[in-house]
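Below is one structure. I have some questions about it.
We call the chains A, B, C, D and E, going by the order they appear; numbering starts again at 1 in every chain.
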Amino acid sequence: MSKLVYLVPLFPLIGFLINGLGRKSLSKSLIGVIGSGVILASFAVSLGIFFEVKQDGFQPQIIHLFDFIKVENFTIPFSFQVDQLSSLFLLIITGVGFLIHLYSTSYMHNEETQHYGRYFAYLNLFVFSMLLLVLGANYLIMFIGWEGVGLCSYLLIGYWFKNNNYNYAARKAFVMNRIGDVGFLLAVFWILSKLGTLSYNEVFANASAFSAFDVTAITMLLFVGAMGKSAQIPLYTWLPDAMAGPTPVSALIHAATMVTAGIYMIVRSNVLYTMAPTTQAVVAVVGLATAFLAATIALKQNDIKKVLAYSTVSQLGYMFLGLGVGAYTGAVFHVMTHAFFKALLFLGAGSVIHAMGNEQDIRMMGGLKKYMPITHITFLLACLAISGIPPFSGFFSKDEILAAAYEHNKVLWLIGAITAGLTAFYMFRLYVMTFMGQFRGTHEQEHHLHESPSAMTIPLIILAILSVVGGFVGIPEAFAHNAHALEHFLSPVIVKSTETVHHLDTGTEYMLMAISVGLAIVAIIYAWTRFSKKPEIAEPEGAGKFLANKWYIDELYDRVIANPLVALGGFLKNVVEKSGIDGIVNGVGRGVNYAGRQIRLMQSGQVGNYILLMVLSMVLMIILVFYGNNLNPLLNYFSK
Amino acid sequence: MPITYYIVLSIVLFCIGVVGVLTRRNAIIIFMSIELMLNAANLLLVAFSKMHNNSAIGTANAATAGIDGQLFVFFIMVVAAAEVCVGLSIIVMMYRNTHSVDVNFLNRLKN
Amino acid sequence: MNTIILSAIFGVVMMFTGIFIHNRSVYKTVSAVALLVLLVFNIAESHGSAIFNIDTANFLHFDPFGLLFNSICIFSTLIYVMLSGRDLEKAGNNTAEVHALIFFVLCGIGIVTSYTNLLMLFIGIEILSIPLYILTGSDKKNLKGNEAALKYFLMGSFSTGILLMGIAMLYGSGGTFMVERVAKEGMLSYLSALGMVLIFIALSFKVSAAPFHFWTPDVYDGAPAVITSFMATVVKVAGFAAFIRLIEGRLGSMGSQSDRLIGIVIILTLAFGNLTAVFQQSVKRMLAYSSIAQAGFMLFALFAVNDAAKEGLLLYAAAYSLATIGIFSVLAKMDDMTLEGFNGFSKSQPLIAALLAIFLLSLAGIPLTGGFFAKYYMLASVVKTGKYLGLVIVGVLFAAVSAYYYFKVIQAMYFKEGNIVLAPVTNRFKYLLVFVAFLIVLLGVFPNSLLSFLYF
Amino acid sequence: MSTTEILFWFLSALALVGATMVLISKNPVHSILWLIIVFFAISGHYVLLNAQFLAIVNLIVYAGAIMVLFLFVVMLMNLNSDSEPQKNKWFKIAGAISGGCLMLIMIDVIRDAGEIQHAKALVKEGNIGLIKNLGMVLFKEYVVPFEISSVLFLSAMVGAVVIGKKD
Amino acid sequence: MIPVLLIVIPLVTGLISFLIKEERSAKAFALLSSVATLAVSLISLFQNGTQNSFDASWLPMLGSRFSVSLDGMGKILTLLTAVSFPIIFASTYNNKYKSPNAFYGFMLLTQAGLMGVFCAMDLFLFYFFWELALIPAYFLCSKWGGEKRIPVTFKFFVYTFLGSLLMLVGILYVYYKTPDHSFAINSLRNLALTASEENFIFWLFFIAFAIKMPVFPFHTWQPDTYEQAPTAVTMVLSGIMVKMGVFAVIRWLLPMFPAASVRMADIVMILAVIGMIYASLIAIRQDDMKRLVAYSSIAHIGLMAATMFTGSSAGMQGVIFQMFAHGVNIIGLWIVIDVIEQQLGTRKFSQLGGLAQKAPVLAIMFVIMCFANIALPLTNSFVGEFLMFNSVFRHSVIIGAVACISIILAAVYTLWMVQKVFYGEVRNEENISLNVPVNTQIMLGILVAMVIIFGVYPQPMINLTSDTVTKIIAQTK
């Protein structure tokens, strides 16, 4: 089965081509079927691969397609690698991807046919790129996918291209991603210049050839790439803006898959990261800071999708915290569970938005429980999952990361636990404001409120089930010995992955779980009581305003980076280019003209003047020839 | 006579001619100054001719040594005569048209 | 010797033609035929069959270079007469005499390209100059022409005085007027060096090298366009032939002093010619300045004085003369000789405009035209010496400046709108002009076709 | 001081004074007359150098023919008054100074010329300047330039006709 | 014989074209001629050895021979030239020119000059064609260009002419330094120069090439010229002609002055990298599509200029590859810009917007071209830029890192252009109609196909470059 891995990205590519080229001629239903069907086909193949990989003694397979770049010093093949990590991600991508495609067929049904086709083409292209990213057997193929998902993200954020704010958000996303990409690219160059290869196998096998500085630099640069793609400080601001895209897109790209590419990449490079403790520390700190910062911002957001977006950033921060403390499996675990519940949250939000007639402000909602039961239930389950309430999936994965953090550094754990509490708080604020209490929207909206069609609710239900049970693939050591199926599964690709967790004794682990769960429950109760009766309608003041304005980070970036850069561009264009360089060039021309005008005056038309000048020249020439040797230094100027 | 005397004399005459060209406005006077320059050259040539003749005394070609110089002077006079002929006719033509021989008025062509 | 004697004879013939035939259009034909004969005999001589085998007592020496130069000059004059003959009739009433004077000038050219004795140089230059004074003023009614003639005459005589003083000093030092004999004496003494400098200055005047170029714009501008055409081309390049024969041995022995002297003259000439030409509004006057600039390039040959220099000078003479004659032949037919006068030329006369463009491109030294190889050889000759690369770079910088004003004319012709006033042109004129352009392009693709004559 | 020397100095002084007076005279006719005096002085030098032929030719051609021609022209134009407008004073000074500089520099250069430091011009002796010797060389060796200069005259003649003829 | 055909076909047809007065025949004739050239060029890809070279006596006295030959790099660039012209002619088939015969004649002459430059194996011949390519381009820009065409084109002309002249001095100098006084490339590989001579002559050549490329700070002619030139000519200028400079460095400068190239590498690279950032920053502030693309081109060429001096074979291969890729991409961009300008009469962002609604196909093509322009993976430029950045980075980490900033800036300005022109609301709704002619669509389609094909499977073309590069690298070592 793993020999057929090329089919996995091939199906979405075919779907992209069919939908892209036939977006005008195909009917909507056909587009939907093709768009979702190719992903389902990929999912089927991925499933087959997964089961093959799952067998014991499976060795990673490299499927070589053709030589992509082959020059004297190095060869970069276009090849795929099938191993535990990639097959797991294949499942997540195609599985969640399929559900979201299915959801989209209904959600996007109001679009014109050609835009509908365009939408699915983009979505398929995204899946294709994402699959390339995880399947690539070397860093360059990963980079191809890496940029490809950025491209699709750009296209999908700006899907409604008539709206310039959306376009702006799309561009911002792309540029921020590009900043990260440059870091990635530099790391690639670095590896290439040291080892002459980019294949994972060879790089990891020869990792000992790197000096400590090399490996730190490479991992830091890779992490820069991850910052961009996975929205970490300081490159996270694009993700909330990316909510401009259609909601399923947010679910797929900006929650479940693309943003986890950074985690995938670091896990993939875990050999290198393990060799670079400095980088790991940086990763952990940045991850945690991001988690905390985003969580605080999420506290005061009123746009349903913005809350979820900051929540995503926050959760990604968790994952990086996990990576930073060496809990690679934990990070992957959280990627997986997060994919389920965050996709579910977004799709649920999409369902709400759909019902509310594109209203996204939670202050205008409330009391939707009775109108949309399925959405309500699934959303609640997802909230519980993300808040880390056992036995929902979020509890297991988050707990694993926190436990690893505790082992590593207790301060990290403390902040992480507080953040978990904040997460529970803002999620339930969201939940309560949306589904509880009285409806606060217009009558017209109220009139139209309805449960979404089954094409939308079925994915919700499936994801809800996964969110509930997804955690059981990684039961912690404290509950049952060696029951961590995921860890077991991933162990071939990860070095020394869980060693830290094993040091914790069971009691401590229970205690940590109790604290974080307790914090979450307190936060949930507080949120529930606070917002169910008296929804937060008023504009926030003081610290709240600071949080509502996202710590003014966007403004800061504009002031410190964007505006100066644009001003510099203007300066270069208007001053340096025009007056400086071109000024010199034109100045030479003007100088020639001026000299011409002045020298012309010598031609006075007077014979007397002419002869006088001639006589003077004669005198000078005779002096030059006969007394010239005394003037040599000056006159030898022309004799090279 | 030491040849340097003649050289200096011719140079001085030549330069007086040059100064004449520079300081006068009358085209005819300028032309005369130029003739003065030519004569300075002539004088110099004759003097050199005699100098070379002097230094050739006692050698085989003493009879003709330096004769080139004097013949050159002859040709210069020939040419000068032709030149004067043309020059004066040009000046006359100019005078016919403008009723002036003042070179300062020759300024239609400039810059 | 053929050239000298035959051109003198033809000059006389033209005078008599003027007396006996009053149909002016005949003069042109007679003149053209005579020039053709002259050309044939000159080429014959360069192939070793001179009809006049006169013992010149070492006053003249006919070498391939000089003879080829004569051929170029005669050929250019032939083209000139055929292109501009009709316009010559308009310049004054004495057309036959003008033709005669042109022959006398050719006689002078024959002398200055083959002299070995300073006396012949002097006489040659005078034979060259005196007819020119007259030609300049040949349009007697034209005040500008009068003024130009007088200026030219006064300054020309002045330079003659300097030349003679120089010759006298050279003679004083060496006791001979033979060019070669002085040359072999090694380092020049002070006396002969002074003489040499004076001669250099006088000849610089003749070829309008700065800072002795002041007469050039005024005279070229004032003279009738047809005459300017002749003066600026055939006569000017002949001056260089005379110059290089002199410099070949003599000034070279002054070592770095003379390098410096010529170098400065080159730079000044390039600078004056090019910079001043930039600002001109009258195309005629612009061409006058450009001729100074071109002279600056030809001076490179004097700086280098090697095979490449002499070859280059030949090429330069041909390319420059043909192109300039071509331009002037059209210019002479125009009322408005300013740049505006050329606006919209390509609309009304596309063929002539294209040919003019080729001529201008050649003057600017663009490849595929003879002018390019001309400049190329000039630069090559200096580079070959291995010294003074800076001078070459100055040269090319000014070559770029020169493109500026030549292209202004092209721009006016092609890219601007306007009505031109052009006297009617015959088809024969056009064909001839095409032929000239063809020659220029031929020189630009196969310069060897001309130079191979040199190595017969 | 021998007679020759006295004569030399006298003629030199005469030439220089004459030349200067040519410049200074306001009246063109006076200038011409002074110039004739200069030519006489120069002819005197020629005689002194025993170049009798040139001396005579100089008198005939220059003083006689050329200067008379000048005189005719001046008379013809009725320029024999002090009417010539003066040049700008500064210009005159500049001209005089540059001419002077030229003179000084040329003399200075000549002073260093080694080969003529002690050379002497043969005065009163030597017969190369005699018409017989000159004639022999002129019509034997110099026949080519002699004949060619006829072209010069021819062109000058044509020129004078072209320019001088009334249309 | 093939290189001779490549030169002669456009040369002769170009001259004939002047005589065809009728507009449609002139167009068809030019198109036919360019297709014939393309056919010959395609044949050359499958030929080796004697078929691809020709040598004849030309100027024996000068020591110059008419020696033309195609190596891998020559094949790629002649192919680029041969491919571009039919595309240019076909995509602008509907444009109206006054005196079309002259327009197409000059275009074909330019092509002949370009072909000559890419084939010449004799330095003098090379110079000859170098200038031959310039003159028709000058006439094309000056006669058929925009409002300020005359001064702008003239600046372009004088600038490049000056560069050429400096190169001419250099050519003369090296000629006299060859052992056998010849311009043949093989003789020029064995120059006996002192270090200071080499440095000096290096700059004479490099300035000429740098002006053509253009490298900062010799670039100021370029945006104006691109802006003012008729778009078909801009395509030639930016698509092919700027490659002349890059090509010339690889073909001539590096083999002739290997030591000086190493000594000057850092200076050149720093200039080039400054240029990349500088041009990118200026591009951000442009309001005119043509100018933006022009500055973007400066940035891209800057990378090529920097890479050439790294002395890395992979980088050099990247440069050669990228020459082709950049040519294809930028021609694609110009075609779209031309359609917009022809039909809407403006190129200003401030007057455009929302065109994606009016012309979705055009928008898609343009977006693909734009992404190729910013070197997105699986487009053709990615391969080239990857190889180039890699070798710059390997040469100097700092220079490489700074150069990489331009990747980000490229995204900024390119997407800015896409957004301003194609996205958002349509401006002046009532009088906008944008019909993309079929021929233009087809040509864009071909270009897009090339972008993708060479982006996904670049290896055949990379292989073509290896012989040239191996030779040069062997020379430099």
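One rule holds in what follows: contacts are C-beta pairs under 8 Å (C-beta built on N, C-alpha and C of every residue); 3 or more make two chains touch, one makes a residue touch a chain.
Since this is a predicted model, take the numbers as computed values, not measurements.
Peer 1: Strictly by the touch rule at the top, which chains does chain D share as contacts with chain E?
Peer 2: Common neighbours, chain D/chain E: A, C.
Peer 1: If you tally contacts for every chain pair, which pair is highest?
Peer 2: So the chains sharing the most C-beta contacts are B-D.
Peer 1: On a CA-centroid basis, which chain has its centre farthest from chain D's?
Peer 2: Result for the farthest chain: A.
Peer 1: Which chain maximises the distance between its CA centroid and that of chain C?
Peer 2: A
Peer 1: Would you mind pulling out the distance in Å between where the CA atoms of chain B average out and where those of chain C do?
Peer 2: A distance of 27 Å separates the two centres.
Peer 1: I'd like to verify one number: the distance from the centre of chain C to the centre of chain D, where each centre is the average of its C-alpha atoms, in whole angstrom.
Peer 2: Measuring from centre to centre gives 32 Å for this pair.
Peer 1: Roughly how many whole angstrom separate the Cα centroids of chain A and chain D?
Peer 2: 100
Peer 1: Approximately how many whole Å separate the CA-defined centres of chain C and chain E?
Peer 2: Computed from C-alpha means, the inter-chain centre distance equals 42 Å.
Peer 1: What are the residue numbers in chain A that touch two or more other chains?
Peer 2: Only 589, 600, 603, 605, 607-608, 611-612, 615, 618, 622, 626 qualify.
Peer 1: Could you tell me which residues belong to chain E and also touch two or more other chains?
Peer 2: Counting only residues that touch two or more other chains, chain E contributes 158.
Peer 1: For chain C, give me the residues that contact two or more of the other chains.
Peer 2: 119, 123, 126, 130, 133-134, 137, 140-141, 149-151, 154, 158, 162, 172, 190, 193-194, 217-218, 389, 404
Peer 1: What pairs of chains are touching here?
Peer 2: Every pair of chains meeting the touch criterion: A-B, A-C, A-D, A-E, B-C, B-D, C-D, C-E.
Peer 1: Give the list of chain A residues in touch with chain D in this complex.
Peer 2: So the residues of chain A in touch with chain D come to 608, 612, 615-616, 618-619, 622-623, 626.
Peer 1: State the interface residues of chain A toward chain E in the complex, per the touch definition above.
Peer 2: 66-74, 114, 140, 143-144, 147-148, 151, 154, 158, 161-164, 167-168, 170-171, 174-175, 178-179, 181-182, 185-186, 188-190, 192-193, 565-566, 568-570, 572-573, 576-577, 581-582, 585-586, 589
Peer 1: Report the residues of chain A in contact with chain B in the complex, numbered from low to high.
Peer 2: These residues of chain A touch chain B: 600-601, 603-608, 611-612, 615.
Peer 1: Within their complex, state which residues of chain E touch chain A.
Peer 2: Interface residues on the chain E side: 155, 158-159, 217, 219-221, 278, 281-286, 312-314, 317, 354, 356-357, 360, 371, 376-378, 382-383, 386-387, 389-390, 393-394, 400-401, 404-405, 407-408, 411-412, 415-416, 419, 422-425, 457-459, 462-463, 466, 469-470.
Peer 1: Report the residues of chain B in contact with chain D in the complex, numbered from low to high.
Peer 2: 1-9, 11-20, 22-26, 28-29, 31-33, 35-36, 39, 42-43, 46-51, 53-55, 57, 63-67, 70-71, 73-75, 77-86, 88-93, 95, 101-102, 104
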